[in-house]
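Labels run A, B, C and D following the written order; every chain starts at residue 1.
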């Protein structure tokens, strides 16, 4: 069993740590808001006083933060992860940054004699909890082989895709389909509903069909009503869409469904409902179809 | 076990008949091209000399044809199904017509003392073969209850959605996602590929992710090369998209991803590759990204 | 000066008749609602008791009606134009039908020894009033040469494009830009407004720029408020978009901006504001941007 | 008459200087490639050895450069414009930067006791040559009034829109319509052409219609063949589209036609024809419609 560090205990990060603990690893955690660590400490995790300390104590140290600024905050400075990386350590960044950022960070990590793997996780915390998450990994092949047993504790499907940045790229390539599949699903639901089919019945039948990806299966029912907890709001979804659209322009790949779907996320923000799970694009489309919903009465 | 009739023995129709025979039913079949019936006759089906005869011999008679003209040909005239419907017979139309057509046909069937169920099947013949097809059914509730045991032999998930036309509507509402999910998948594959990730590796990782609907799972690999057999070509896919777009205009539901994806099916036709499975929209998009494929070298 | 007939006295038809009268022609008119003819009769037009009579009295007879059904009503039957066409008469249909309809009608007219020209007018009644309308004409070249002096009284730019149906096709090819240019204009106005620029000031500056087509020039100001009179409502605009989209599918020409803009016309209908001039797509987009307007307070 | 400075002598910049000289002003010019200044020196302009010197000698100094990097190069450092601004000088930046950049630069200029006006010009150098350009100006109202007589020598329509950044914003709001109007025009041309109408005849008739904005009028004929000189290539056009899309996301304004059109500019780049005038999106669309053009034989 390995000595691990984990920095960033949001909903997803906490799910990952629970699986690492359950697999018998020692996990030292740090989070900007310490309260979020409590259930994990109860479950056996240890507390570090800084990201640096989490790195110093670990063979493999992870980060999972929501944006570039938060990433800077936990890696840089005297208390940052970079300062704590001993030679031979593996640093696994599970955040979704831009591929260019991943490559730049890899160079800095290498300068410390350590190795960076970019390993964004696809799916939600539910997928992780159920042991169904797949991990795409970019970076040095040797470092990947060494980290693999630990990564397999997170999810059974672990893919090495190539050098640093490739895993983030693939995550982005996958995530654009989250929003597009959802908007297409909403178009179908509204067609059914305005044809006189009960919305709940329509969702049930659609979830039994060949279009029911795991994403559609857990997010589709949100068109019937949003839970209090928000999984992935419009702004987070749009961050990934923007990364996709930037990549598309740089690599010269047209992205027709991504670009049009992104405008509906913008509309959710414009309508003031962008802080809900991005399934709220249903409500945006419903407003255009003259259909009332819980969210836009 | 019931006396059944089946008219229309394309790839999908033949798969359905095999399941009905396997469940122990007696099935009388008719097809415009009699040769296609041969494997089924070997497997125990009986031959009818006309659609009318198939109807006359059956408690439940099915049709599955590819377009409105073919539908007219097997239902109308002295040899047509309508002429052979005895009072009490159930006529199950598994074709995807427009909802308005389904309702009009229902009236004619009723005038003969019989009942129409519209029951388009979602998925491919593969889904049917594996016993995973779901059936959505529209029409009279009593007729549905009587036909249900027979329908469950085709696929385990059988949904009664409402009056005639509702099942076709839901099929259309589902099928628009086939094309949209595929185009979004292609956008991701091309992003990954132009980032330097091997196309095959990208597909493998994407199929292990939360966006892998059954449709994406069986059609996604077509971006690596098309098989000789075509499941659902661009023109058939576009027929369903057009039904969706017409419904959208009539019911006043905007369909942003459907409409833009439909233009890429048009492009496949314009480029002269519309007779391939609609996964060929990958090749359309690849041509815009300057990526060579098998289809557009 | 010629003996002319004119059937269909909507806003546009009336403007055309006024110009024909002003040029010194004799014009016999008919309209389903006779009251609309009154100002024209005052201005010198004569009344016919049926479309047939209007045709019988004329060397050149015109129709301008809003849809296929109205077209049938004035051409068919004992009182219809076809019944009144003497050999040698020229029948000029200024309505926007489908190109296929234009070709079918031409055959029937020819069977009477007469000739059909399809001559849809581009622009609004304002453009006609100002003598700036352009006329595209499809049909027989000799008939075109004979009718040309009369047509030039309507607008100075008269184009012979080819056989029957070509003029309607070009009209459709032009009209798709009406809606697309308008939606793009609205996108710009809302960007400016949410940046803090006064909407009226933004419109003024935009109308002084290179994007100010005649259409944008007269319709752009509608984003500041709708007049009581509706020039061209969403349903009429969508009729033309649908003709374009059908042609696009038949001819295999992808229409990306047309298709997405059309969904915003659908949205206007869905939101219950489709009976306003199609400039109301501004209000649709404004609702998505969280901006209040007169129409959607 | 005023002492003016002008930095950046591309096609557009040179046109502007010619008009300023023609109005009787003294103009001191600088350009990174001095050869481009020669025709202007012959016409009476004076040469400065640096942007700083151009600023030092002027009451009003202009810049017109193509991107942010070029802008930095002429404003910063010991030889830059900022170093040469005396108190009371007006600095008019005619480049299209982001609104945020315009505001940041304004602060630096103000720190030198001078004033910045952002005054991007709409239209092409042709529009300027013909004296039809319109100028939108952002920045301090007093500085605007002082500069106005000079600006009117460039084009007769000069609009003060508000504080710094507003003029650039409006330019972006206008420019998105350039690409969208062009793509919609191309859709129409291809519909007409595949209907059997000669492409040249179709363009002629469309340019006589209400959709013929000045932009469509001068760029539309490019679908018949590209000249050697490129006015505004796909990458330049896409730079403006990206500014629009960024603004749209920040201000929460959905931009449906802008976003989809932008993907066709990406396609032009992907197909390797992005260095042509952006009218080349015609050729992109033609390739999807199976129509050969000069560019994509």
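Quick notes on this structure:
The definition used in the following text is that a residue touches a chain if its C-beta (ideal position, glycine included) is under 8 Å from a C-beta of that chain, and two chains touch if they have at least 3 such contacts.
These numbers were taken from a predicted model, which means no experiment stands behind them.
More inter-chain C-beta contacts link the pair A-D than the other of A-D and B-D. Using mean Cα coordinates as chain centres, the one most removed from subunit D is B.
If you average the Cα atoms of subunit B and of subunit D, the two centres end up 52 Å apart.
Taking each chain's centre as the mean of its C-alpha atoms, subunit A lies 35 Å from subunit B.
Remark: subunit A and subunit D have CA centroids separated by 40 Å (rounded to whole angstrom). Those residues of subunit D in touch with two or more other chains are numbered 248, 252-256, 260, 264, 266-267, 270, 288-290. Residue ranges of subunit B in contact with subunit D, taken from their complex: 256, 260, 266-267, 270-272, 284, 287-291. The touching residues of subunit C, when paired with subunit B in their complex, are 238, 242, 245, 248-249, 252-256, 259-260, 262-264, 266-267, 269-270, 274. Remark: subunit C residues 99, 122-124, 127, 134, 136, 157, 159, 161-163, 165-166, 169-170, 172-174, 176-178, 180-181, 183-185, 187-192, 194-198, 201-202, 204-206, 208-216, 244, 247-248, 251-258, 260-261, 264, 285, 288-290 touch subunit D in the complex.
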